[in-house]
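Presented sequentially are two complexes of chain A, the first with chain B as partner and the second with chain C.
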Partner chain A sequence: MEKIKQFFSKLWVSIKDFFVNFNYKKVLKIFTNTKVLNSFAAIFVGLLIGFIVMIFVAKNPFTGEWSFNTALDGLERLFGGGSRSLKNFGDVLFKAAPLILVGLSVGFAFKTGLFNIGASGQFMVGGVAALYAANLLTLPTGLHFVVAALAGIAAGAIWGFVPGILKAIYNVNEVITTIMMNYIAMYLTVMMVTYPKVYDGGLTAINTNFPTAHTPVLGLDKLFPGSNIDISIIIAILVAVLIWFVLEKTTLGYQLKAVGHSKDASKYAGINYKKSVAVSMMIAGGLAGLAAALYYLPIKPAYFRPIEVISPIGFEGISIALIGQSHPLAIIFSGTLISYIKEGASQMQLFGFNKEITNIVISVIIYMIAISSYLGMVINKRKERKRELAKEEETDEENKEEPQVKGGEING
Partner chain B sequence: MASFYDYFSLVLFFAIPLIMTALGALFSERSGVVNIAMEGIMIVGAFVGILFINGKLIPGIDSAVEFTEAIGGVPVYLLGMIIAIIAGILVSYLHALASIKMNADQIISATAINTLTPALALFLTMSLALGESAGTDKLPVARSLYLIDEVPLLSKIPFFGELFFQNVYPGFYVGIIAIILTYIVIYKTKFGLRLRACGENPHAADAAGINIYKIRYLGVLISGAMAGASGFIFVIGFTIEFNASVVGYGFLAIAVMIFGNWQPLKIVGAAFLFAGLLTLSDGISFFPALDNLDIPEGIISMLPYLITIVVLVLTSKNSRAPKAAGQIFDKGER
Partner chain C sequence: MDYAIEMLNITKSFGPLVANDNIDLKVKHGEIHAILGENGAGKSTLMSILFGLYKADKGTIKINGETVNIDSPNDANDLNIGMVHQHFKLVEVFTVLENIVLGLEDKKKGYLDLETPREKIQKLIDRYNLKVDLNALIKDISVGAQQRVEILKMLYRDAETLIFDEPTAVLTPQEIDGLFEIIREFAKEGKSIIIITHKLNEIKAIADNCTILRKGKHVGTVDVKDTSVNRLAKLMVGRDVDFSVEKALSKPKDSVLSVKNLNYYNKDKTKKLLNNINFDVREGEIVCIAGIEGNGQTELVNLITGLDPVTEEGSLISLNKEDITKASIRERFEAGMSHIPEDRHKHGLILDYNLAENFISNTYYKPKFQEHHILNFENIYHYAEELIEKYDVRSSLGSKSKARSMSGGNQQKAIIARETSRKHNFLVAAQPTRGLDVGAIEYVHKTLVEERDRGNAILVISLELDEVMNIADRILVIYEGQIMAELDPKKTNVEEIGLYMSGSKKQKVNGGSKDGEN
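Entry: the complex of A and B
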């Protein structure tokens, strides 16, 4: 209890500190950080290459002939589709929430030196657990949502805990166990979806009529009229801040990161390696589970169908974590960006472009981020060489004069 | 006996592409580069190879049937595989360039490839109307054209003839050859020794005069070639429509490689065990005793993954990953 109290007072102090000592120079510094600049450059290159691909396949929807204007129209939608209206932007935020949380799940694991390919599986079991709680329990509005979300978190956490504990105790590679857990989750959820008490044969999905358990909207639909927005985006942002706080300001976060940097050094420093790995995977799983709850509980239903396909969201989560460079606060941005591009891409279909362009753009962004530090180095080297050349020229000019003087001295 | 035979041939079909991909990943990891892009490279291989055998890459030929009538089913298949291999090498070069030359995080560049390839395949199929009709994102695969009914003479051998030389795809033999070659290359050649040295202790290898960068490039490119070929073999063997997916087989192959403890023979064994369990839900009718237990199908489908985890837990003490896998080689650091 004392610990929890301490935790929250610490959290409060750092939030207060942020607002009281708010300094625009500090914020500006964040945005001119090389890492952040690299990410922005990568995003720019990704969109540029997406545009080039679009130019190649652009066809006038009426005549079927190649047309540069269609490519421009498509680009306009890709860039601006997500912010054409308040409704569009509300939908972008609505769809961003689960993406941010899955990104956090993968990113958190990255920060602690683990690779969580299993966010998909954690997401699927989390979704089924949340939907079960939503369908089978009778609780007052609001509380019911909280309980259903907690059920999702718990299921995801269990799904993450298994690979974590196996890595901690038996040193089993978490990459392989999380892949296996994805498949196990897929078959398990397919079996669980068709359970008669929750299954809706008409929808061929889990029943979505559970009025007391839907994600609360809290009037946000007034801000973004016509959109599906609810408080999930606020939850996602708060959770991201919380994760950042845990990683940067608490002993637990320090330990987890230390284990991520070096297993042996952290052991030497007296950190409980096994506990850290298990806890870290459990938190990662819980985040993916919460993402699923926010994905399946809204009033605008997302259907959970019994199909034997691993949810692709876990792999999107890897992309989002990488674009955000695993920084919890940057992941808020990268998750929203992906959601924004997706919204634009879905509107691009009006002009005959396939929406897969999103993933092409995302993959280019990731690749550029991967090689950005090298490119930065090359550019810096070039600059240095230019500077050196300029210097040499200067010194050459000086040298021309010097030998004459020196020569004169010697001769004299 | 017949029941066992049916089951075993099913397992063989599943195991071959799995083994090839896992061995491909092995080449890369043994050289010190983690390659989780196998899934993406398999998709590229399958995509380009199928485009080729469907005649989309050659002017004047419109369909797979026309193409096979012109030069025969097996040659078309083999040419398609070569194209798939080339495509696989080209894509893996992206990974090699980023992770070896540009010191990128190997997981990040591989993730980029895994994201790019299915999207690009779907995008091109839709935009250029490469499928059977405009508006579909699936490529037709006329797989029966490439089936070898029976190999003359050899198919007359009792038991083995029926198992190995009747109703097989040419890819089966390519797979067997690849397995044997991999073993020889890794354990019996100078290149194999250098490859292993690069993955274990690159600085020592460097001091001994080995060009680490060259060996690593070769390791990754070989893995790309094998993934390209196995993607092609896998898709032609198991589907009549290709929708830019190899259903996670590339990731499973990496799991099999870890399961096989980074050793070729153990990988083959692990792949057979895994494929045997994977086909259990299809093959359970061959085992009346098991079938009568009435285990739900979902549970049987889960078994391969559950058993893999259990086996890993039991054998984890002996796990030996290449020491330098995933680490960037920096000449100056020592």
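Entry: the complex of A and C
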């Protein structure tokens, strides 16, 4: 207990430090960082190409004729739909929470040298576990939510642990095992979710009600009237900060990143490679499980339907992690951004656009990030090579200055 | 006099750095010309200009007296200039033959024709005795054979000027001799050879003339015959270099590391890699394991340090009287072991971590660096500054520089700093001077002797016989996984060690250390 208290007090101190030492130069530095600029440029180009596609498909909703103005209207919604009203922005934040957590799941795995394609599967089992806990247990309001969310985390963690342990002991590639675990999760959840206490198989086909286990709202709906917002966004942000803290400030993060950077060097240093991989996948799975809990537990939840489709959210998580370049704090923004664009895209339907246009925009953004980071890499490499040569020469010079005093003359 | 290659007043700068400052290089037909210099002296830049990888800012290049313009490696090829890079440029999954013709493929009715080139290449192989199996895949052949493939590649392209970048860095002593014979053969035929190196003995052995570069400047061109090794070293480094390591007589005390009946097989148990190894390392002595690469040294180190598990029954490794045969790597560190690994990029450093983070890579869990699992960065960076100061580790950003961005010598210094600052009384150093230049080698040797004088037990694995002779208090020679001899460096010589190394002589070794031997 004492340890946990200590841990959180340290966490609090470092967060406080961040705000106390906050100065605009630091922030400016973050935003002028090439990586961040790359992401912004990619987002801009993505939206631009999305707009070009929209120009091609734009039709006046009344006359059915091609219309540039409709394309402009669509663009306005795509850009501004998420912030048209407080309700819209509240919904953006509400939907961002699970996206951020899934992005963290993938991003955390990336940081530790693993590719978690299985966030979808972890999400699905986490969702079912949360729904079971919400429907089958009888607990007081508030505590019930916490238990249901923990059930989601636990299920997701188990789903991540299996590929983790397989990789650790038998060196099975986690990409393959997580994909397989996605399929297992898909069929398993279809079987489990049709349980009558969890799923109402009638015409409405909705999940049954669980009034005590809903995500608390805590008055946030007063800030964003009319929206579905609840504390899930706060949870997501806190978890992102926690993950950042674990990765950057703790021995666990040091170990996990070391293994991610170099398996051999960390083995040499006496770090338990197997344990690290298993733990890392478990945490990644737990994050996806938590995302599912926040996705299925709100007062107006998304419904878990028994259809044999792998939830696409895990793949969105990959996009979000890539846009955020796997930085836990950046993922808060990239997750919100994707949610924002999605909100805009759903409003574009008013003008006769398919909301799938978001997928085009998002894919273009990912492509652009891939390209820009490649271009950035080439430029950096050239810069670095020059710098390295310069440095070598410098150290060379330094190395010799002192001896030359002692060593006396030299000529060819 | 007509020169095959003339590079006149070559100047090349990268930003503020002048990598080549007004350098002249003249090579005659049939001459073996060495280019000597420490890391970063500008050797590679100069050769890259000749090979068309860089363009000089100033200066002219003349081939056979005619001024030429070399803009790309293709131009260099057309001018019959060939180069063997230090890191070979071969396709691992292609056969030797495919690699040689790659880029110059013959076609027959639109299909790839390998038979015509095969004949031509076979003739080259016979003529120069460059034994290599044309049908073998590159990944299956030895490093020496890969180098022969690179040489064949040049010959197949009718190269008249052959550039070798650090050709001996990856070869065993026998392979080096073989290579030198081939190079002499080329010279006899009138080809011009340029060898980039920082190994002085090899220059003495093979080169006619030697151009020395220092800090991008042309220090001089000397006739190798009339120049002593010490003089060459002085020209290269800019000061007197002392090759012999000064050390007092060792006074070994209690045994620290003890290896008993150590056996080890390869993965499918078809080959015995270590055969009944017995030895001790005592406080205050440096034991060197000499041998040609691939005779079980790597396996021995991996078993002692725990990178590979001991699999055979009856094998015993103990450290400070504690059985560590099955201990984890961290337990071994805790028991007093330090390890300077053979491959500093693969094992020694986490290249994407900065210097400070690398300094704590095997001690980060100690109370000094963490409290309640939270890293204490204040102490970590303070500790890093201490080590940087004490061991004179140089890098662009100090404790915050990424290990990847540092020079090889400083990377090794960082590892040595980490390993010798940790609490230990036994140090394994596997090829601690590999790929380092003279200054850094001196430094490593000095540190090892200091370590010994502090009463630590030291085990050094080395492929360089000079190094073994210089620093060892006791030499164990390994051949095909067996200890062939235990020798006193003061009572033996390189020739004798060589005989044991090649397996042509075997001493009766009763295992363990003999008391009163020194």
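Descriptive notes on the structure:
Operating definition for what follows: the second predicted complex is superposed on the first by the 361 of 412 C-alpha atoms of A that agree within 3 Å, B and C clash if a C-alpha of one lies under 4 Å from a C-alpha of the other, contacts with A are read in each partner's own complex, and residues count from 1 in each chain.
Just so we're on the same page, a contact is a pair of C-beta atoms (placed from the backbone, for glycine too) under 8 Å apart; a residue touches a chain by one contact, two chains touch by 3 or more.
Fair warning: this is a prediction, and the values are worked out from it, not measured in the lab.
By the document's definition of touching, neither partner reaches A:F18: not chain B, not chain C. Residue contacts after overlaying the shared chain place A:G270 against chain C, while chain B stays out of touching range. In the superposition on chain A, A:V57 makes contact with chain B only, while chain C stays out of contact range.
When the shared chain is aligned, chain B comes close enough to touch A:M180, but chain C does not. In the superposition on chain A, A:T251 contacts chain C only, with no contact to chain B. Those residues of chain C lying in contact with chain A across their complex are 14-17, 19, 38-41, 45, 212, 214-216, 218-222, 234-235, 237-240, 305, 307, 328-330, 332-333, 339, 341, 346-353, 357, 361-362, 364-365, 370-375, 377, 394-396, 405, 407, 410, 439. Across the interface of their complex, chain A is touched by residues 36, 94, 98, 101-105, 107-109, 111-116, 118-120, 122-123, 126-128, 137, 248, 251-252, 254-255, 258-259, 296, 298-299, 301-302, 304-306, 308-309, 312-313, 316-317, 319, 321 of chain B. Every residue of chain A that touches chain C in the complex is listed here, in rising order: 3, 6-7, 10, 249-252, 254-255, 257-258, 261-262, 264-272, 384-393, 395-400, 403-404, 406-408, 410-412.
Contact residues on chain A toward chain B in their complex (touch as defined above): 53, 57, 115, 117, 166, 170-173, 175-177, 179-184, 187-188, 190-191, 308, 310, 315, 318-319, 322, 353-354, 356-360, 362-364, 366-367, 369-371, 373-375.
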